[in-house]
């Protein structure tokens, strides 16, 4: 098991109970989540020493976010405390043909206003095995992007493997801005995770298939993957493929390419989906565990896609599954019989 | 946007949480609903000035019903206050092959004992664009039927378009009684909504297909629709078609006929259904909006059927969807991807 | 309607709300249940005088278990009071490819430490029509097995029909231990319920099909059934057949053999499953009612399989359905239309 | 322990959670209750065979009322099934200077439309030790009053002790109507429970103290009690005395007179009150148990007043306390130390 | 009844259930509130046409705030829609010696970024009887202060009575900044509400008593009040006096001075307090109703203090009491007897 | 801040919501708690490195107990994993004169079956500043007592201060058994916490005052304290004094003696009590923090008694208060004004 670092924002998630709409609820369910925090929780569940790097206010809502991570075994020693607010996202869970809705209220959060002096990146990366971040972290603010750049430099100095989930978010920045920040950061990245849309918007690669329409063609990705490795020197390029049949029914698989072999995972039919949010992050958590501990990229990918399929059945952003549970599913036990 | 009047009963709905049976629950979820109230809420969500006409007790339960309407933007100026009780219906939500159950406890409600003097129909219909009612309103009591008749007369005097959802309810009256009341009211109706069973029981038209069995044949309706227009001079006859596969899985489409063209909508596969109640009313709300604001009956029908498909995914009687959301679904966006 | 006796353990069931995992919940939903208690509740719902025989502590948690039975009409006159604790099982409900999980905490419960002197089996069996037990009861403890043996002897003395649901539980005993206890008890059994796996583990019969894999072949059972009747002299051998497609989607049917005719029921497609636990017990309750009140084994089996299909849609261990509701489903009304 | 009969209405109680007002709640807590039903539950908790006589609809809401009684050990064999509805009362719980509010919706309930043919009073009173009713039962309807009269006649025929809680309800009848019905019924009554206001409004006795104002003078009651015994031949006259300091803080004591000795109980200071409803009924249950099983009227009264003090700390109409718990409080253990 | 305008911010209130601390809750109760919104809701409950003026985002959380006001009868026609976020405050309710805690997260809300062009103050003040605001509104931002100034000018132009609740908030501005903004606004104010601390911090008046310590001396206020009227020409100066005995037990009274008579209200002992937040606002709502509809300042004050005493017993910011309920308490009915 | 070790059992606490009785609830609130675990959580809140030593099963309920500790910052590195079950206690919260009730179901828990080999006491005590345990730990089982004895020996070897809360539990052992185990353990104890009843039952000291009756006389303790120091060589003897006025209203203070000065704290009047459980443990946590970081025993005691007064206002076993909050109360700020 390794020491794994992730860095980004953890938000307060306020979701309506069941399938209620925003305008009809009188309570919010509280969860905490965010791309890199979710990855840290996944890794902690697989037995790694996972550290989440971020900044949170000193008040009780900030503390509750810290506690949510501690509860699930994530180390919070490197979370700076200060600033004004915890970023929020409101979530309404859809059903059938009604999509889920997310309203972000994250401007001005503590991490958006953090500066490199808030973190001792040498101490953070000392002895670490893996550093993971997503495209959301540099998109939050220029200050946040600079923090991330310094984290990457420190990671490379300490020979830490770096993975990046491109994860383009149009509410946070434009494709132009994204490319201006993300492209220079790619020199630090060993493992690149992202679908064709992310690749185009963050890195300028043109997709060949119509992902929006739900028809996905795995093989079409091979060319993109090869081009990405040629350009940026990644060790692995990886993508998930989601078929959106309805808000509660998706197909789910993934692909990996190491410059030599192109491997496509088995496909899961997820019906019903309990909570889609964090599905991609749970995949990243799974692939980190897989690449760190398994023999082949195929085994790693199968672990990651099974892990993220399970995430779709669990409420909240975090993927609370053990490596044993994931392995059982990846090994073929998907019939859902009661475990007594 | 127009001024839209609906008239009928709004009831206190007491439903068991989740899929609990009546005998095992210790709490009831509270909603307020009723055919015409539901239509008013739909219209208010599309931006119309919607007025609901009814009578409710002065006490706090009556007030809570008023508040439920105000909350969603329905004008309650024309709700008379007085009488003894708010009608109730108990709802147990089914799943899979277990059907939902409704127990009515509505006898003696304020609207059942209302009289024409409770309402100033001239003021109500002044400047209105549309008046909608269902077959439930005259079925509640003879007094209620007389109130409705006077409302129809006032509507015609003020050149208001009148729509009627036939909606036969065997717990409220017999087919003979229904025909004796409903047939004379048809002279005021421009837009008639009802499936073949309603047409037979309320108006004496014989259906040709076996709706109960779930196999529906849209074209079989054309003859009935033509006959209804010939007899009553409706401008439009409209019906929804439900395929009941299970309590949580239905097919859903609709048909419209304007005396010239017979149009059948696209079919939605709704799985899972979150709350079926109010599905027909949300269709009526959609068709009113469609016929008031769109160019063709086909566009209006597609809007209405998409609106009511969405209703099946929302808890409670009311359809809380914007015109934009409905238009997105009618335009083909049914894949349920998260809206961020 | 008859006097029906069941004997076993009733446990406190602590389940996470919705689809929450154990580690993320802050409340437990309380239900009480256990194989034979569930059967008693089913029988009481069909109008029988159902008595549950067990032992429970005198404290309030024991009383709450008694009250849960009384609430649904089960007679609790023969429940001895004493001992230290109510057995517990923790339940986490799965979804899609994530299985439900059960954690048992039942050691040291009052019934496990009961002795024959706690019960007056002559009084219990006097005038009874049916006595039902499952393989769980003798597996709880040697003392419990001895209580059961004496109950069987008393049942035979009073000419009571005895049914047994083999229900092998590997957490409670080994196959060797089970066979040493169960085989001698079979002399008292008229109606034997159990799938091929139970037959092998409790009675030493070798299954021919791969039930674990989800592919089931009804006809393959005929040979086993015949062998069981030849060996033990059962009047009926019965088994359910579950197809586990996912945690929330199962196929469900059953078979019966009376030594002459082998009958296979219709198959139900259950989607979504609300609560699987108690599915087998609700089948036993249905078959007891069917064999006691219907003309043919086929009618009885169709009633039982419809009853247990409905159970899958009801939260908790108990099957809260009336004979009328079961008969409606067995008669073909599975379309889930709202019952008004 | 004895066989105790009570007769009256059991209603569905819909109460707002916590201290929410009617207009702000989205759920109702469900309880079932009613004067005589509450008395039956009290008696069952003390170990008596308690039977509740009433009429309830056959549907599931009626069944849930039956189940609520069975759950707590009350026999429901003599509850007739039929009629249209379960009476309802809505409850909003106050706090501090804000009073609790009750809205009744009980017209047309099954018991209000019951007739003597619904009950076999000979079977009901056979072997009974006590029959209890309150002034609410004859106030519900003339039919209900006639049922009650026949029950009283049967009780006397079978030498059953009869107690009556006068319990005048101004929403149900006028003082004139009450006196015309109640006075003739007093010939059957052995134990009369009621404060000075009830005595005046039901029986025409003029009170001397200002109960409304909260200042109560026990001794002032002695004269009234003596007069009541002289006129009606009661064996005991009993009254509780409530000091209403606020909605959540009351003083509570009681008095009894057997024609010879006038006994005043100790006073309890109840703060906070959790649920006041059913306080008087729990007193009646306590006095029945006390007079049936204790040596002196003083002991009986102390038991009853302690029992009803405890009721104020328990949510719902029913008083869920054992005789041991009541005796401990009556014996002086009011310090609230944790019972481990 | 009059047309009453209030202007300010309405926030999303997220409170922990019961007495849970922030760090231990998994759900938040949702309420909407804010000083001037609360006043509008009070006035609507007394039968006035109350209009709330503010700005809210177009998204669903903004809509939910609008709906909360409409639900309770407040007109929302003058709420501008736009901007980025709804201000939030987190609330943890204390008990006994543990104080309640509020964490504000309101920076950047739509109203803070509103400009005068968002509002048509002439239309708003046309025909109005009263305009109320508090010191929070100009403290939110300079833009908000300018909006308010223009509203005051329009109010005076239309001869509208203006009231101001000084309500100093140290988290929003310093005393220096407050005085620089508030003093010039006093020329528009007819009715000034504020305790001695507010008077000092907003207007520069020095208090004579130690309010923090809980000992309050009504008469000490007379001098301050006289000085305030002399300086600013108010028609009335008014203050509440809170005795903080514990988080759940307060004394509560108020004083008014019209330049001639100094009147002190009766004192209420509030125990337990259910929800303190909005207590001052409910007082302002009461005094507006009192001064608009009653003969003397004394009657108006007694109404206001009774209204706000009741508020302390109601969950949420809003005071949901009718004028009849307030009048009953002001008239002396504080014993909390159940209202049937 | 120091390294603090506590050792004992952490149990799953299942409590009824609000003031519901055991027999009427359908859900349990989940908390985890136990004497020494509670002390660890208190210390972690004050900023210490707190380690809890125990044994828990590997399954998810055991994991949830671990997570509850991690959530609040307690280190769980020294919790052995294995064994069969998590001990349980059921809690029903009383009100007014109705006491709270606890039902224990802890036999056979993992810690009861732990052995010294499960723990590396040298590693645990290395560098520690304080080791705390209570009389519950050795009472659980002989194995547990032996584990504790070895922990004490290791603590002394590493010069760790040892405190013991005597905490006699009659459900776990007799006074004779307790004395045979506890007396020899006193040689390792520096700080002894316990009231006169504990001193008598665990150590054989005879109390002089009637604690059961609620009248407590602080000075009466001085003699006992002196005797205890003379006999066992404690550095400090400490006791809390609870006045049980009702289940929801207590007086609370404490005393300390260091062999020279006898100091009595201020008294707190706690009304209402939200949750009494863990009150004594929160006192122990406070006294450890006080004695470790403050100058005088008086300051330490005032901190401890204020900390435990606050605990009574917080749901659950754990005391979630910061040192700043405790200091504010100890410093006199008990008026409960809202903290904004």
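Assorted remarks:
Each chain carries a letter (A, B, C, D, E and F) given by its place in the written order, and its residues are counted from 1.
What we mean here is this: contacts are C-beta pairs under 8 Å (C-beta built on N, C-alpha and C of every residue); 3 or more make two chains touch, one makes a residue touch a chain.
Labels paired with UniProt names: A, B, C, D, E, F = Kinase, PfkB family.
Just so we're clear, the structure is a prediction, and the values are computed from it rather than from any experiment.
Averaging Cα atoms per chain gives one point for each, and the point farthest from that of subunit C (Kinase, PfkB family) is the centre of E.
Two copies of one chain, subunit E (Kinase, PfkB family) and subunit F (Kinase, PfkB family), touch each other, and the residues they use overlap weakly: the shared fraction of interface numbers falls below half. One inter-chain figure worth recording: subunit A (Kinase, PfkB family) and subunit E (Kinase, PfkB family) are separated by 45 Å, centre to centre, where each centre is the mean of the chain's CA atoms. Distance between chain centres (mean CA atoms), subunit B (Kinase, PfkB family) to subunit E (Kinase, PfkB family): 42 Å. Across the assembly, subunit A (Kinase, PfkB family) contributes residues 18, 21, 23, 26, 67, 72, 101, 272 that each touch 2 or more other chains. Shown are all chain pairs that touch, namely A-B, A-C, A-E, A-F, B-C, B-D, B-E, C-D, C-F, D-E, D-F, E-F.
Touching subunit C (Kinase, PfkB family) in their complex are the following residues of subunit F (Kinase, PfkB family): 14, 21-23, 25-30, 59-61, 63-64, 67, 84-86, 88, 90, 92, 101, 103, 105, 107-108. Of all the residues in subunit D (Kinase, PfkB family), the ones that touch subunit C (Kinase, PfkB family) in their complex are 67-68, 70-73.
By the touch rule above, subunit E (Kinase, PfkB family) contacts subunit F (Kinase, PfkB family) in their complex via residues 18-21, 23-24, 94-102, 104, 169-171, 212, 214, 244-249, 272, 276-277. Those residues of subunit E (Kinase, PfkB family) lying in contact with subunit D (Kinase, PfkB family) across their complex are 18, 72, 268, 270-274, 309-310, 312-316, 318, 320, 325, 329, 333-340.
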